[in-house]
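Two complexes come next, and they have one chain in common, chain A, joined by chain B in the first and chain C in the second.
Our next item is the complex of A and B:
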């Protein structure tokens, strides 16, 4: 690894892979850093090692990743797997951990392509062992072929829930129930966006096929479910929910939940990039121009860490950002940049036709996001409950950071990844304000934990 | 609006001053450009240290220490204080000599809060310490608190006896007319016969508006926190030969400071960590506690503090304007002094003089 690169890309999912390959094709010395052991990101995880049969089960969208990954292998990109980035600042100094050794490198251009994370939505019992994110279930399946052996309940709202149910169906997993928490009135909310979504009807068709397959297999989904709870002492023993006015309960030792995905913004925040609250996607996202330039010179963001658009959109956005970097570095003329960008820009626009529909259809009810039950833990690291936070709001603290100081919510090892959004929603709901006004936790590096010994080994020459 | 005393700066010094004035029946308004304790007051390391103070600060620190021991009677909260002592460790004979000279000097001044301990006593108090140390200087009644909780307690108590506070009230202009201070802010104009400058790193701007420029400089000392560990150490540890402050907090996390500065952008109120310097702090910790090698750092930060060239605060009446007062520039060691500073300020304002010696902190020394 060199101390400096003209372009450093962080994240080897669809955006990062597409960007790295096109930048290298133009002769650029580019480093691609990724925390996973192999390229593909979450969506194309384990692409190079997966048995054909399992790849088949994961469907055609998954298999698209093969081309991207092999293009990386054929390229001159300096690719560093198993590399954690723990710091990034506005001077584009990157603190990373590679081979367990910390080091600082610099770049003229940094492209953040860290993808998305599942939206954490606290509900009663969500911290019990045996409650997991659907994404985690899918990772175990993709990377290791691990599926629940004693049956599973799937619950939540979002396309991934349906996809995972369909994948499990084909893998022969026993699903005790699939509980869709999407409220019925979201259909109305989504209706105005349907004509545009129909322009890319293959997505809708796919969803309908998944549904039909599930139904034919006898694994029907319950819709308009509410009041989800996980119950048990040491771990989950059962779940309960409301459906059609009735209270129900199911015994299970595994519940996989999903409430959509939100951008990974931690590195962008660490660098000081400005973010806005996106009402339709119900998340913070970085301020970007249409090339992916953030509010900080030389830092670009593409893919789901910019805005949730899915894997194909990420690929186009990654290429657009790389092309912009080539231009910013003086390697291509503005005219060539615009010409090179044409196709990706057109395809990306087409891909995005489906988004307003999906965003509206899978809009998470505000009541769920603002954690109505006072005893529910919001910050798992510091065990701070929704009631603790509401108490702080009632005491006059209307800012996420003050609530953090006061309650320690968000001060644990996860750095607020699990609770930042919930706190913002609780503050907004309790104070009657807009979510954006409560602000977001100020970033406190390292973005990923670093040991004292590792930090001590950084730049051994004495300072001062 | 009109009040008795206008205080600029809603940190600990501002609220402590407001609290003491309100306890003596004065109406106070605290103006803040951000939110309460947004900078130094909310995010400092929380040390309650009389150990190794500048001689001029000792009478204040000793007095403040007594107030902290019984802080609940003042603000209805213990501010999460603990008093396990603070120790400066000597790692070699040279360090030990420095500490012994220090102890002799303190005793000559007539104080007895700092005390030399030998090797045996040191390892009895801190068994986890690396074996090479020779002894130390201790103040057994020192300790630490949680700054934001303290700020919150002072603030609440002040509110409860009538202090008024305005957030997001950045001071745009200050005027003195007809024996009255007029301060304009986005939240309106505030008037009072008395003005107090507790604006921390921004205090230089207030002083300049009173035509008495002071060489106060903002700085952002870096701190880091580790994951929680089982309790293995009680006292706060410093070292005679290193820039280090090390303690295990109530919840088991380690707080590590060393007065290494982040790269501060004062205008934007942001700072970049200087990892090379934080690595020096990490190496200091490794030298004294090598067993912590695999402990994870979960957070670092740097709050904005006001530093004076001589590292002594300004606690003073204005040298240019009538009925104007200053308390700022605590140079990253003001937390412990905050209760007594409020008391001193109330005395300066209401009695014309303080019962404690504050001559060394005059604004006219610059």
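Our next item is the complex of A and C:
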């Protein structure tokens, strides 16, 4: 690894892979840093090592990733797997951990392609062992061939829930129930966006096929479910929910939940990139121009960490950002940049036709996001409840950071990754600042853990 | 809770999970190995001693903190198994080896 690169890309999912390959094709010395042992990101995880049989179970969309990954292997990109980035600042100094050794490197251009994370939505019992994200279930399946023993329950709202249920069905996993928490009135909310979504009807068709397959297999999906709770002492023993005005409960040792995905903004935030609240996607996202330039000179962001658009959109956005970097570095003229960008821009526009429909259809009800039950833990690390936060709001504290100082909410090992959004929603619902105004926790390095020994082992020049 | 689709993986390493010796496939993350072994919880919290287990498996929730080869606060979802690795549940905040 060199001390300096013209372009450093962080994240080897679809955006980072596409960006790295096109930049290298233009002769650029590019480093691609990724925390996983192999390229692909979460979406194309374990692409190179997965047995063919399992890849088939995951569907055609997963197998698309093969082309991207092999293009990386054929390229001159300096690729560093198993690399944690723990710091980035406005001077584009990157603190990383590679082979357990900390290093500082610099770059003229940095492209953040860290992807998305699942939206944390606290509900009673969500901290019990045996309650996991649906994405976690999918990672176990993709990377390790591990699936639930019979009797799992899937619950939540979002395309991944349906996809995972379908993948489990094909893997022969018996599910006790799939509980769809999407409220019925979301259909109306989404209807105006249907004509545009029909322009890319293959996405809708795929969803309908999944639904049909699940129905034919006799797997019961209940719609318009509410009041989800997980119950148990040392771990989950059962779940309860409300459906058609009735309370129900199911015994289970595993509940997989999903409430959509949000951009993973931790590193961009620590660097000081400005973010805005996106009302339709119900999340914070970085301020970007249409090339992916953030509010900080030389830092670009592409893919789901910029805005949720899915894997194909990420690929196009990654290439656009890389082309922009080539231009910023003086390697291509503005005319060539615009010409090179044409196709990706067109394809990206087409891909995005589905988004307004999906965003509206899977809009998470405000009531759920603002954690109605006072006893529910919001900050999993410091065990701060929704009631604690509402108390702070009642005492006149309206700013997320203020509430953090007061309650320790967000001060644990996850650094607020799991509670930041919930706090903003609770504050807004309790009469504090609007979600968009209440602000987000300030991000601070190191954004991933390293020991004091590792930090101290940096050479004095590097620390300067 | 979980089962393996492939019961006979080719390459195995032997690790110890809370005193129990287990054979697991090469390249697996500690979190996956622990879940497949049926371990019901992986740590207790420093605040209330409540049991917790892996939640996100993608490095953002920090629920899977375990003691790995004597080092506390290791994210089990980010560490891969090695022959002879010793994995223990973490109780509370975890104590650094002296």
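In this section, the second predicted complex is superposed on the first by the 456 of 464 C-alpha atoms of A that agree within 3 Å, B and C clash if a C-alpha of one lies under 4 Å from a C-alpha of the other, contacts with A are read in each partner's own complex, and residues count from 1 in each chain.
In the analysis below, a residue touches a chain if its C-beta (ideal position, glycine included) is under 8 Å from a C-beta of that chain, and two chains touch if they have at least 3 such contacts.
Everything numeric here is computed off the predicted structure, so don't read it as measured data.
Visitor: Applying the touch criterion given at the start, work out whether A:90 contacts chain B, chain C, both or neither, answering first, second, both or neither.
Guide: A:90: touches chain B, not chain C.
Visitor: With both complexes overlaid on chain A, does A:75 touch chain B (first), chain C (second), both or neither?
Guide: It touches nothing on chain B or chain C.
Visitor: Touch check for A:449: first (chain B), second (chain C), both, or neither?
Guide: both
Visitor: A:459 in the overlay: touching chain B, chain C, both, or neither? Say first, second, both or neither.
Guide: first
Visitor: Touching A:219, do we find chain B (first), chain C (second), both, or neither?
Guide: neither
Visitor: Using the superposition on chain A described above, determine whether A:49 touches chain B (first), chain C (second), both, or neither.
Guide: Only chain C is touched by A:49; chain B is not.
Visitor: Which chain, chain B or chain C, ends up touching more residues of chain A in the combined arrangement?
Guide: C
Visitor: Is A:139 in contact with chain B, with chain C, with both, or with neither (first, second, both, neither)?
Guide: After superposing on A, A:139 lies in contact with chain C but is clear of chain B.
Visitor: Touch test for A:412: chain B only (first), chain C only (second), both, or neither?
Guide: Touch status of A:412: both partners.
Visitor: Of the two partner chains, chain B (first) and chain C (second), which one does A:167 touch, if any: first, second, both, or neither?
Guide: In the superposition, A:167 touches no partner, neither chain B nor chain C.
Visitor: I'd like to check the shared interface: which positions of chain A are touched by both chain B and chain C across the two complexes?
Guide: In the superposed arrangement, which is not itself an observed complex, chain A uses residues 412-413, 449 for both chain B and chain C.
Visitor: Quick check: in the complex, which residue numbers of chain C touch chain A?
Guide: Chain C reaches chain A through residues 1-6, 25, 27-29, 32, 35-36, 40-42, 45, 47-48, 50-63, 65, 73, 75, 78, 80.
Visitor: Which bits of chain A are touching chain C when the two form their complex?
Guide: Its residues touching chain C are 35, 37, 42, 49, 51, 54, 84, 117-118, 120, 127, 129-133, 135-136, 139-140, 143-149, 171, 234-235, 253-254, 264, 380-383, 412-414, 417-418, 448-449.
Visitor: Going by the contact rule set out above, which residues of chain B touch chain A in the complex?
Guide: Per the stated touch rule, the residues are 35-37, 42-43, 148-149, 152, 225-227, 251, 260, 270, 272-280, 282-283, 285-286, 292-301.
Visitor: Which residues, counting only chain A, touch chain B once they are in their complex?
Guide: It is residues 87, 89-91, 93, 95, 104, 272, 399, 402, 405-406, 408, 411-413, 415, 444-446, 449-453, 455-460, 462-464 of chain A that touch chain B.
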